[in-house]
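First chain A sits with chain B, and in the next complex the same chain sits with chain C.
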Partner chain A sequence: MKAEPQALSGGVKKRKKGKFVQYFKQFDLQLMVIPGLLFILVFNYIPMYGVLMSFQDYNIFEGMMKSEWVGLKHFSMFFNDPRFVEIMRNTIVLSLFKILICFPAPILLALMLNEIKNMAFKRTVQTVTYLPHFLSWVIVAGFAMSMLSTDNGSLNMALEKLNIIDEPINFLSKPEYFWTIIVTTNLWKTIGFNSIVFMAAIAGVSPQLYEAASLDGASRFKQMFLVTIPSIMPIIVIFMILEIGNLLNAGFEDLLLLGDAAILRSVSDVIDTYVYRVGIGSARYSYATAIGLFKAVISLGLLTLANYLARRSGNSLW
Partner chain B sequence: MIKPTFSDRIMIGFIYFFLIFLAFVTFYPFWNSFVISLNEGKDTMLGGVTFWPREFTWENYEVVFQDKRLLNAFLVTILRTVVGTFLSVLVTALLAYGLSKKELIGRKFFMIFCLLTMFFSGGLIPTFVLVKGLGLMDSFWAMILPTLVLVWNMIIFRTFFQQLPNGLEESAKIDGAGNWQIFFRIIVPLSGPVIATLSLFTAVFHWNDWFFPSIYITSENLIPIQTLLRQVINSNTVTSQMGQLDAGALSHMMEAAKVTGKSLQMATMMVATIPIILVYPFIQKHFVKGVLIGSLKE
Partner chain C sequence: MKKKLLLLFVLMLTVAGVLAACGDNESTGSDDTKDKNEENNGDDGSAEEDGDVFVLGEEPLDITMFGNYDWYTMPQWGADVATEWIKENKKVNISSIDSGGNAEQKLTTMIVSGELPDFIWTDRGATVERLREGGQLVALDPYLDKYTNLRDWFGEQGINMLRSEDGKLYQFPNWYNSQPFGNAGYVVNKGIYEELGSPSLETTEDLYEYLKLVKENYPDVVPFETDIDGQGINVLYSAFAEGESPANINNVAVPNGDKLSSIFTDEAYVESLKYVSKLFRERLMTQDALTQDADMVREKVSSGQIAVYAGASPTDYARSGHYHLQEQDPDGGYFMIWPIHEEGLDKNEIYPGSYNMMGWNVSVITKSAEDPEKVFAFLDWLTGPEGQSSLIFGPEGEYWDGFNDQGLPQFTEKYYEDAEGLAKVEEDTVNFQWNGNSNFLDTAKAEFELTLPEDKQNWTTQWQHTITWETQYDATQYLNISPLPESEEGIIQQRIGEIFEEARAQAVYAQSDEEVEKIMQNAEKSAQDVGYEKLLEFQTAKWQENLSTLEE
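Let's turn to the complex of A and B:
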């Protein structure tokens, strides 16, 4: 009876020693992953630990060890923030608009490109529409400001020429236009590049299906609805579900660059930009971290829900 | 194949029309800005400059290339892009290669360790406080180190490495090559397309990022071009922002009113954009593949 546990622990020890020796035997292999893992540890895991400062009155001179613990103070402060409702509304509305418009658009584009038999034309349209993906938001915002400017901006010039308006409209300082501008610029930036995945999915549809459909007398238009769309539906569903996990990511750079004017803040501030303004702008670290954590926890919940839905539809994310 | 029906023809016609419209709308803002950057500033103010420069001039670019602050910002951007991309791709690929080896001790744990970061992150402020705490504020490395390992890229690399045939590695191992030798002599040469794609994506990130420098960098001589451009676009007094320019030259040109704030801004935007535009069409085939490897993993 007594000997057994001893033998067991001896066995464990031996195996441990074996692992240890093995580890050094493959140390050159381990050396490959050490730098990468260290960077992840420092720049991803330490900030996760740093999240604890949302339960403190963090003081940059005291550090996290000595700062006072205050429980959920900062969270209740956020829920009672006079801007709370406005910020949540902006976050969800902007995000939903982006899902409703910027998500289906690349699918439509891919379906249209699929009907084009002229390869040179197709290639040109693809290359041109990929372009905005590679531009920084600073440049895109610069283009938007230039297009929408009252001072000979192309849109105002065109509208005046067509006699739709008499006076140039200052689109970028009117809150009622802001959401439209954001959704349009996002659409402009993402439609081409995001169509790549759907183009590939369409290319993977078996040609036999089209042959069978055309033998049955289906026109090309009908084939699109009866063959192409049903065939790529699983991929569309998966990407749609993924969007759920992104619900609180309503945008950041675009909103900071185009919606920075004081007059636009009531429609442009979302959770992420508010964290930035409160945390970096006003140096209220604990409060901003609490808002960020609130968002991260809800996002994690949404992502879990998304995975549950994806699994039910037969595709797991992890 | 059956003959296209009447409604098919209408549909195809509509699709051609729509795609031409889309291509135009996508390209026009870029083209218009390019045209304005090649037009005399004062003439642009009269309005109506759309598809072609009316009073062609190189002067906007001449001014831009004389502005020491802009030139410095360019150098910072180039240096950041080269150093950041090289280090990021190297460390990420090494990590991915190690994690693609079944015999790696701790492989499962390391993978989970990496993947968890995709579901939860500390967020902006704790990262900011960390960078501050590490003494990286206002240093070049604040723009490089925090985003050095991108887990998403690591997964793409790993998927690619796992698909490579084993034979070459095995025979190299028999010849006595170590893991590092195999990686640099065999794996890297076989991975041209995926390295090119991920390097392009990483380089585009570094070239385009304006936000991190805006919170980490305070010294003027470390500010990259996109961040400077943001300051220039945001301020109304553009020309005064074009600061360090040789005062004599600028006032001379402003007197002649050939350049204006807007024309200079457009020229700067073009200089910040054109390098990327010259590169991406050539890697198009590869990055389409790269996007697909990434999305398959989803």
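Let's turn to the complex of A and C:
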């Protein structure tokens, strides 16, 4: 009994000393970390004092110090807003659609590309699919609108010429089409670029595993399920955790550009577009900050929860 | 080891330097504004004491300005003939702070850092009121008697309407006008109209029959085009409401005796929506009415793919479309018709658009201005006869020479002969026209237009003189009836605005008249739930204040 604490404290001392010495040994390397830490401190942590605004009636002429404190007024105003339920529903539904469809799609694409033996074809497909990533949403929305509009819209023209429909369909102003349009355009824009990281992960899988599997008589499909997917699982899980942490970021520019019509607002209004329109648009900074803070807190919770669940499978982020 | 120490030393120096620089900037920034504010207070006092009038050109004057619009970029001052002349002869130099495409954010940054320009060019309303409440604006009243162009041309009544709650004037108006102006109305495609036998187009029933005829004969043509945001839908409201205008739609309130009341229960408005819904359902109007952008409209109008086109200013596209269509067919083009009315209403009481005496927007002088009186002196000169003539018609001696006994510029022969050069002067200075004086310019230009034969007259001017100016409604009484966005009424207004927009869109897409009625009833209920009544009371009070100011 007596010996144990001694041993324990001795161990701690040793380890402490070890760390300190280790740190000094890497002095030059550690110096290089300092700018990064400073950057995060200056641009991510110091501005956080701005959240105080959400508990004030912030007046830009008076500044933070002189503005009146109002407690949770702006939070309760948001929760009592007649649109609150609708906005939360849209945010979560759109996010879930994006997680269910836009998240697995690049993985599938990467797996499919991995099976292609013709390098020229593979490269072409890769380039063509990741190019849209570099187009801004304004351009993508412009494409979508000129394709889907009723007068002179190319999709409607094509469908009419093929005698599939008699009269043009009003794709852009029917709420029932909106989610499909958003998910499709998002998929088109992100699938190629997001698949790059999975392609890289697949490239890192040891060829020996495939050899061993084929010697055991595994078909191409079996190899994919038993070798490739388990090998890239840690990457998938990490991205999944981040994706879940982003649940309340249902998109912003895409919704603002494609879903701004009043008829679509009941399906297109999410937290971010609401904050932009109501908070920033009419200079209600405190209200906007309060909603932003609410969103951040929920996101942090979701991220922690997802990480906790993932840790049980051994692939957590931290 | 020495190397490492050196590295550490350099790094620490850099960090310290960066931090110090940041700190410095901040402190000098705030000191500057303090100094300036103090100076200003002193100046204000002295300006009232001494009666010295500042004459432009006596000493150099540097002015900074900010145009509070995303689209606004001030061209270089002195790069065109008009401002070059002003720069040389009046010794005024103007530089601008660019909005960088995000004016709201730029303005907020300038407010927070206390570095406002001498004057800000912006819309009336929330921005101005916010700056005023924050004590950033200079009251213009002390200067009105020393520099009299604004008072002479804008008038005492107008000045009173522009005064803020504290009874002082802070805003310098732009394109103020006492005559009706505006272009809202209906444009008709001449080629199609004549081929279909030129039927009568006076009542809503006439229009409906004509649009059906168009759809049967021209399947690829949009029978009724409504411009962006469904402007034409608002124009159609005027057909059902005698003595009212679409200004009611922007206010989301309809006058009813001496009160403003709900638009959702207004019979004329619901009738107009039923009519629109019918046109939409039967595909007699553009199916992209609420989603299309300006380019799509322009394309349809300039290629003649529309039969009837209504909007808040349809003349902009129709004018170039007219000349374009005439190139292909000299008998084609566009013409305007007298506003449509519902059977039984007086066609002379139909107003498809509105205007107000205050014109478009305003300039406000900030307390950051070193000498606000000089800034005012410049703005006042610019809105006066010499300033307006120099800016719009170029330096004296070219297109105009001296003033006649009515105080209007006397145009030279070059004015009649070199229309292109003259248009260039005006075009080059469009973004310097911060306080255009329509009363002065319109009178001056009208004289000239009248001397031209009809086919030489500008397409737009022709219709302005014969139709649109006569059919615009004076909505000066509804100015500034909106609450500040962050006030209680402002929050209600924002919510009402959303309910209204959504209901309007749903009504357009409705499948039957009964559905339109139901949508409006539901909207009325939701509106009442968020406090519509309270907003209407607020707006009524403001409106009544305006009416009594206007009667004075």
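Here, the second predicted complex is superposed on the first by the 256 of 318 C-alpha atoms of A that agree within 3 Å, B and C clash if a C-alpha of one lies under 4 Å from a C-alpha of the other, contacts with A are read in each partner's own complex, and residues count from 1 in each chain.
In this section, a residue touches a chain if its C-beta (ideal position, glycine included) is under 8 Å from a C-beta of that chain, and two chains touch if they have at least 3 such contacts.
From a predicted model like this one, the values you see are computed outputs, not experimental measurements.
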Practice task
Would you check which partner chain A:Leu255 touches, where first means chain B only, second means chain C only, and both and neither mean what they say?
Solution key: neither
Practice task
Check the residue A:Glu167 against both partner chains and state whether it touches chain B (first), chain C (second), both, or neither.
Solution key: second
Practice task
Considering only touches as defined above, state whether A:Asp151 meets chain B (first), chain C (second), both or neither.
Solution key: both
Practice task
Once the structures are superposed on A, label A:Gly192 by its partner contacts, choosing first (chain B), second (chain C), both or neither.
Solution key: first
Problem - chain B versus chain C as contact partner of A:Trp137, first or second or both or neither - result: first
Exercise for the section: Using the touch definition from the top, say if A:Ile60 reaches chain B (first), chain C (second), both or neither. Expected result: both
Exercise for the section: In the three-chain superposition, say which chain, chain B or chain C, touches more residues of chain A. Expected result: B
Practice task
Please indicate which partner A:Leu247 is in contact with in the superposed arrangement: first for chain B, second for chain C, both, or neither.
Solution key: neither
Practice task
Figure out whether A:Ile181 sits in contact with chain B (first) or chain C (second), or with both, or with neither.
Solution key: neither
Practice task
For A:Ile280, decide between first (touching chain B), second (touching chain C), both and neither.
Solution key: both
Handout entry: Shared chain A contacts, counted only where both chain B and chain C touch the same residue
Key = 28, 31, 60, 145-146, 151-152, 280
Problem - List of chain B residues in touch with chain A within their complex - result: 1-2, 4-5, 7-8, 11-12, 15-16, 18-19, 22-23, 25-30, 32-33, 36, 44-50, 91-92, 94-95, 97-99, 101, 103-105, 110, 113-115, 117, 119-130, 132, 145-149, 151, 154, 178-180, 183, 204, 207-211, 215, 226-227, 229-230, 233-234, 262, 265-266, 269, 272-273, 276-277, 280-281, 284, 288, 291-292, 295, 298
Completion exercise
Within their complex, chain A touches chain B through residues 19, 22-23, 26, 28-33, 35-37, 39-40, 42-51, 53, 58, 60, 109, 112-113, 115-116, 121, 124-132, 134-139, 141-147, 151-152, 154, 157, 188, 191-193, 196-197, 200, 214, 217, 219-221, 238, 242, 252-253, 256-257, 260, 272, 275-276, 279-280, 285, 288-289, 292-293, 295-296, 300, 303, 317-318
Fill in the blank from the handout: Listed in rising order, the residues of chain C that touch chain A in the complex are 4, 7-8, 11, 15, 104, 108, 111-112, 126, 130, 133-136, 222, 283, 286-288, 290-293, 296, 299-300, 305, 485-486, 490-491, 494-495, 498, 501-502, 504-506, 508-509, 526, 529-530
Exercise for the section: Using the touch rule from the top, collect the residues of chain A that touch chain C in their complex. Expected result: 27-28, 31, 34, 38, 57, 59-63, 77, 81-83, 145-146, 149-152, 167-168, 170, 172-174, 261-263, 265-266, 278, 280, 282-284, 287
